[in-house]
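Working notes, structure below.
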Amino acid sequence: MRFGAGGGAGGAPMADVVLETRGLTMRFGGVTAVDNVSFKLRRNELRCLIGPNGAGKTTFFRCLTGILKPTSGEVFIDDVETTGWDPQFVARLGIGIKTQVPSVMDGLSVRENIWLSAYRQAGTKEADRTTADVIERLGLGDIARATVGRLAHGERQRVELGIVIAARPWLVLLDEPAAGMTGEEVERMVAIIHEINRDAALIIVEHDMQFIRSIAAQITVFSQGAILMEGTVDAVMSDARVRDVYLGKRG
Amino acid sequence: MESTKLRDAAWVVLAGIVLMFVAPLVLNYYTLTLLVIYGLLALSLGLIWGFGGILCFGQAVFYGLGAYAYAVSAANIGESTMPMLIAIAVPFVFAFLLGAMMFYGRLTDVYLGVITLVVTLIFFRFMNTTAGPEYQIGTARLGGYNGMPGYQTLNVPGDPSAYIYDSSLYYVCFVILLVVYVLVRLLLASPFGRIAVAIRENESRVELMGYDARFRKSVLFAIGGGIAGLAGALYASWAEIVTPGLFSLGQSAEIIIWCIVGGLGTLVGPVLGAAALGYLKFALGQQTAVDNVLIMGLILVVVVLVLPRGVVPSLMSAFGSSSRRNRPNAVRRGRRGRGRADG
Amino acid sequence: MDLAAVFILEILYSIAVLVLISAGLAVVFGMMRVINLAHGEFMMMGGYATIVAVQAGVNVYIAMLIVAPLVVGIIGLIVERLVIRFLYGRLVDTMLATWGLSLAFTGAAVMIFGNTTTGVSTPIAGFTLGAYQINGYNFFIIIVSILLLVAAYAILRGTRLGLVARGTMQSADMAAALGYSPDRVYMSTFFVGSALAGLAGGVLAPLVGLVPTWGSAYIAKAFITVISGGASIVLGLLSSATVFGLVSQTFTFLSGPVIGEVALLVAAIILLRLLPQGITGRFFKGRL
């Protein structure tokens, strides 16, 4: 069994470039958090966004998902302009979104959380099937009946990932999926991400270089609201500018 | 889990049927009918607040609208079947529009409270001024603060001369309550209901899943409004007069007290809360030593302080076995934390 | 010409009343994020305190400017210790508990004073302006409201107490950082808020026939004035009172007091729908 494209509401993307921003800018009062960013993501690509705190990567991420409305510039998803759309409409294109703080339904069970996500574009029967798949895939079987509010942080992160993939997205946006996880959990997360990446493109906002190395992604480095450079892990790591703004500061 | 809830619901209905026949041994039909109507009204708020997380300080608006819609249409039409349907439809539509206005504006918690409270006041003030002859709908004069009597009360569908009153009105109301209870249970077990509860838990997550939370909340709010309207219509038939007092803040406060005392996040809780407190009010009305508003107020304060989850959920978790099903953290009145109202 | 003067005076008067009845609620909401739905009943108690004091032979000004705030302030203090302090941070629960209190106070007042109307006579005589009869007492209320706003601004701006208060408004930890226990700050805030409600009740008492349910006529207006004003105490109060005063007087003038009242409520709904953070949340961010 596989996640990703197939039954997606928006269907699999037709274009080669599945996500693009043109001159995306976000200002808060006098502060420009994202400054004229043009960005492209190809089909089935796995891309990490890194940068020091305040570099604008999470703001950029939120503009993609519709949580924030950009001040100017455009966002295209699968050649559809989605600038300023509400998150629900962005999600309906077949985009799975995981925010920075685990956003789950605390009062409901793990199964219920995942089922509700699977149900939106499938019938009850298929949602049941997908839910069982996802629970097994993510190793949530033992806690499937538990109330999510009572779970540990790492487990909640995994539940949210389950919510994301249960919708069978063809594009997945993850904001710090490995934050606060133990070593073993991070390993499992890496495996899951590769699994997702078989059928879907991913954008991952992440701090942890170790994690990025282990998923061997293409990297976009943000600095002061703009893209500093793009490249492979090695190219980025050996770049002096990157070390200055980001790695150097972190010792 | 949903199937256990539905099995529980079957037991509740069974217990309800037993109660329906036992209660008249203790109390007269006239009072009992009112308690059942209160139960239905409490159920409507219990649904939207306890399961939808929508804080509504103005449930009395839909109750009053239902009562007036029934009275006005019954006075014009005569036969009571159509007026009953109108009495559900009018508050349903009004609640949907009001809900959409609020939810599409992203208003939450305290602002919902303010707006629903203000809407209640508008109706209350306005209805009090409709004494003059210019406030006439068809043959029905609204009558201002004196209220509006003299309309056709509930009859057997199709036969306007076969009135349903006293004991038969009691049984009809009770059966309606049980039917509505089962329908609401089924609604909550359906995907719509499950998504509604998910919205209460985390609205932004539900939107990230691609659901339209605002529309769904508006629909749930409208359903609650429709049920309250039904309760209002039954009240109109029971009381044989509708007055602006139905829209009063005191009426809204009572509905809220029933739900708080009975317990949010359950359906049985608010119904029992309404019946118990309705009876208490009736009993207090028999004496003059203590003012019953004082007692109601103190009950609300004490329950909020001591039993913030309400009586029924507390009892349920006290009897261990059901505590697993009844999740204490699922019962939230609104956003916690030192939440800035504008946050 | 006379008509215009009367009209302007009426508007000023209705703004002043809104400021007066909302001030206590605004202080408590601004500082503690607590909505005191028993605010109207605090006013009612201020009214009764004034009347009882006057009947006992106290000078009417002392009764409404000193006795009423003091009595209600102390009642507020008791309420804070017994109920409110257990509910900090639970906005909805405090609303419910104080709603319960409001019912309880109404019931208690019925038991003590009965359901009859009492009152004191207005201490200032009216006069005529052209063809119109002007209530002299309205000037007094306008002046009290102006003094109230000026005093609130001066205290918040210029004193150490005001600094602590402003700190608490930003975050509860700020008060602690300045060396004040938040508990004490909240306690004093609630005392001040209650006393202001008592003052409003005392000052308005001569204008109305007092009944135990009198407070419920004001709570909604005070509530929407404060919420619509937003987080800033002085500016919020002034701006929303001005908007609502203008609207309600204009409609009262055009088509009677009930329509004026309804217009005020409708205006509140529109305002909240358009500016869910209140007027000051939108236009005067971060001011007092």
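Chains: A, B and C, in written order; residue numbering restarts at 1 for each.
Operating definition for what follows: a contact is a pair of C-beta atoms (placed from the backbone, for glycine too) under 8 Å apart; a residue touches a chain by one contact, two chains touch by 3 or more.
What you are looking at is a predicted structure, and each value in this text was computed from that prediction instead of being measured.
Asker: Comparing chain centres built from Cα atoms against the global Cα centre, which chain wins on proximity?
Answerer: B
Asker: What chain lies farthest away from chain A once each centre is taken as the mean of the Cα atoms?
Answerer: Ranked by distance of C-alpha centres from chain A, the top chain is C.
Asker: Return the distance between the CA-based centres of chain B and chain C, expressed in whole Å.
Answerer: 32
Asker: Taking the mean of the C-alpha atoms as each chain's centre, how many Å separate chain A from chain C?
Answerer: The answer is 50 Å.
Asker: Compute the distance, rounded to whole Å, between the mean C-alpha positions of chain A and chain B.
Answerer: Each chain's C-alpha centroid was found; their separation is 42 Å.
Asker: Which stretch or stretches of chain C touch chain B in the complex?
Answerer: Touching chain B: residues 29, 33, 35, 83, 86-93, 95-97, 99-108, 110-111, 172, 216, 220, 223-224, 227, 230-231, 258, 261-262, 265-266, 268-269, 272-273, 276-278, 281 of chain C.
Asker: Would you pull the chain A residues touching chain B in the complex into a rising list?
Answerer: 9, 65, 67, 86-89, 91-92, 97, 99, 103-109, 112-113, 115-117, 119-121, 124, 145, 147, 149-150, 163, 167
Asker: Under the definition above, what is the set of chain B residues touching chain A in their complex?
Answerer: Going by the criterion above, the answer is residues 1, 191, 194-195, 197-198, 200-202, 204-213, 327, 329-330, 332.
Asker: Spell out the part of chain B that touches chain C in their complex, as residue ranges.
Answerer: Residues in contact with chain C: 55, 101-102, 105-107, 109-111, 113-115, 117-119, 121-122, 125-126, 128-129, 249-250, 253, 256-257, 260, 290-301, 304-305, 308, 333-342.
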